[in-house]
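Right, I'll just put the structure down here and ask away after.
Just so it is clear, A, B, C and D label the chains in written order, and each chain counts residues from 1 on its own.
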Amino acid sequence: MPQDYKNIPTPERCYVDFCLIPVGTGSASVSREVAEVQKLLKASGLHHTMHSAGTTVEGSWDEVMKVIGQAHSLVHRLGAVRVQTSMRAGTRTDKVQTAEQKVQKVRELLAEDAHMQRRASLEDCE
Amino acid sequence: MPQDYKNIPTPERCYVDFCLIPVGTGSASVSREVAEVQKLLKASGLHHTMHSAGTTVEGSWDEVMKVIGQAHSLVHRLGAVRVQTSMRAGTRTDKVQTAEQKVQKVRELLAEDAHMQRRASLEDCE
Amino acid sequence: MPQDYKNIPTPERCYVDFCLIPVGTGSASVSREVAEVQKLLKASGLHHTMHSAGTTVEGSWDEVMKVIGQAHSLVHRLGAVRVQTSMRAGTRTDKVQTAEQKVQKVRELLAEDAHMQRRASLEDCE
Amino acid sequence: MPQDYKNIPTPERCYVDFCLIPVGTGSASVSREVAEVQKLLKASGLHHTMHSAGTTVEGSWDEVMKVIGQAHSLVHRLGAVRVQTSMRAGTRTDKVQTAEQKVQKVRELLAEDAHMQRRASLEDCE
C-alpha cells in the first residue's frame, strides 16, 4: 500500500525520557545544566518528572521534541560546544496511560504477588 | 602508550538505568515482565529504583550487568522470543555519588535559584 | 541570567541515531517495519544511513524529529499498538561535521597508530 | 512460578550497540578515546562494527559487557573523570542472526518492493 509520506502526522501523545550530557566543558558536574533544563521544562507547561538518570516528559510529539531541542540550545548557551542526549520515546494507540499509571500497575502486580505468597505460606502451615 | 588490554578491570562502581522491552509477545502490556524483573532485582540485593521509563541499578559493573543479563533470560522464559534493552551507564572516578545525591544536588540548585529570584523581586520593590 | 524560554530556537543541525521497536505485534521480526521506515526516510530527503542497530539521520532538529515521529505513526498504521524508540541525539556549535567525517577521523587515528607501531618494531630490529 | 534467581544464566549470545562519551575532559572531540576503544575491542577478539553513532559488538552477554566495562576504565585512564555510555542490547531465542544478516534482510525487502513497483508501473503502461 503506497503511503502519502508527506502527510503522515506525528503522534498526538507520547512520553520521552531523556538524559542530556554537555561535552567538552572541562567539568564532570552537570547539575547546573540539568537545573537550567528543569526551569525550561517548567516554563513549557508540559508534565515532566526528574529522576536520577534522566527526566520523563509527556505531551504531543512535536511539543516534547521542541522542548528537548531547546534544551540543547540552552546548554550550548551555557558554554558546552557539544551536547549529547540519550532518549527513549514511547507511543501507543490502544489506550492513554500516564507515566504514573505505568508505575502504579507494576506496583499492584508486585503487591498482589506478595499477597498470594503470604497466603501460600499460611496454607502450607495448616 | 601500549595497554595490557586483557587485564583492564571493569569499574568497581557504576549506575545503569535500563528499560527492557519484550518483543513479539502479541501483547502491548509489559507490566507483568517488569514486575518479574523487579523481583529479580530485589533478590540480587543491589540498590535499585523503578521510575516510569525504566529502573536504575547501582553496584559494581559486573554485578549490575549480570543482573540485567539475567533479566533478559527471565523475560525469555516468560515467553518473549526477543528482548531489547536500552541502557544508560555512568561511571566516575572523582567521587562516589549515589543516585539520590545526584537528584538532591539539582533540587538544591533549583531551590537556591528560586530563593535568589524571590530576593531579587523584593529588592525591586524597595 | 533570566532566559526567554519561549523563544529559544531548536538546533539548526543535528544527527539522531534511532532504533524503533514495534511492541505487541506477535512477531519477533521487525524487518518489514524497518523497511517501511527506510522508505519514509528516503521520501523525507534527509541524509540517513542504516546500520545493524539503527539508522542515523542528519538535518535540522525539527526536520529530523518530525520524520522520526512520522515513523512512529507509520508503524502504528502497520498494526503495532505500541512503538518504542531509543535515540541518541548530538549537536555541536564548534564545527560542522558529517557522520562520515566522524568515522573517518577515528580511522585516520587508528591508521596513524598502526603506522607508528610498525615503525617502532622496525627500529627495534636495527 | 517461583524462580531460582541466583542461578538464572545470562544470555549466551547478544548484540550490544554502544556509544561512549567522556565527560569533563575540556575537549569536544572524542575521536582519540573512540580510537583507543576500537583497539581494545580488536584485542578482545569479539566481532564488532563501528558506525558514525556507535559500535555494535556481538558475543556472549558476559564477554560483551566485560569489554564495554573495560572501555569505561580505559577512558578513565586517558583522563576522563566521568564516562557515560548509551547502549542498546538485543537477545533472541528463536534464531541466530548476525548484525549483517539483519541489515541484509531489510535490504532484500526494499529491493523486492522496488522491483514490484517497477513492475506495477510497466503494467500501468500496457
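In this text, a residue touches a chain if its C-beta (ideal position, glycine included) is under 8 Å from a C-beta of that chain, and two chains touch if they have at least 3 such contacts.
From a predicted model like this one, the values you see are computed outputs, not experimental measurements.
Asks: If you tally contacting C-beta pairs, which comes out ahead, B-C or A-C? Let me know.
Replies: Taking the two pairs in turn, the one with more contacts turns out to be A-C.
Asks: Looking at C-alpha means, what's the farthest chain from chain D?
Replies: Computed centres place A farthest from chain D.
Asks: Can you check how far apart chain B and chain C are, centre to centre, with Cα atoms defining each centre and the answer in Å?
Replies: The separation of the two C-alpha centroids amounts to 23 Å.
Asks: Using mean CA coordinates as chain centres, what's the chain A-chain C distance in Å?
Replies: Each chain's C-alpha centroid was found; their separation is 20 Å.
Asks: Note the residues in chain D that touch 2 or more other chains, in rising order.
Replies: In chain D, residues 19, 28, 39, 81-82, 84, 86, 88, 90, 92, 94 touch at least two other chains, as defined above.
Asks: Which chain A residues qualify as touching chain C in the complex?
Replies: Residues of chain A touching chain C: 3, 5-6, 8-11, 14, 36, 39-40, 43-44, 61-62, 65-66, 68-70, 72-74, 76-77, 81-94.
Asks: Which residues, counting only chain D, touch chain A once they are in their complex?
Replies: 19, 21-30, 81-82, 84, 86
Asks: In the complex of these two chains, what residues of chain C are touching chain D?
Replies: 15, 17, 19, 28, 31-32, 34-35, 38-39, 49-54, 56, 86, 88, 90, 92, 94, 99-100, 102-103, 105-106, 109-110, 113
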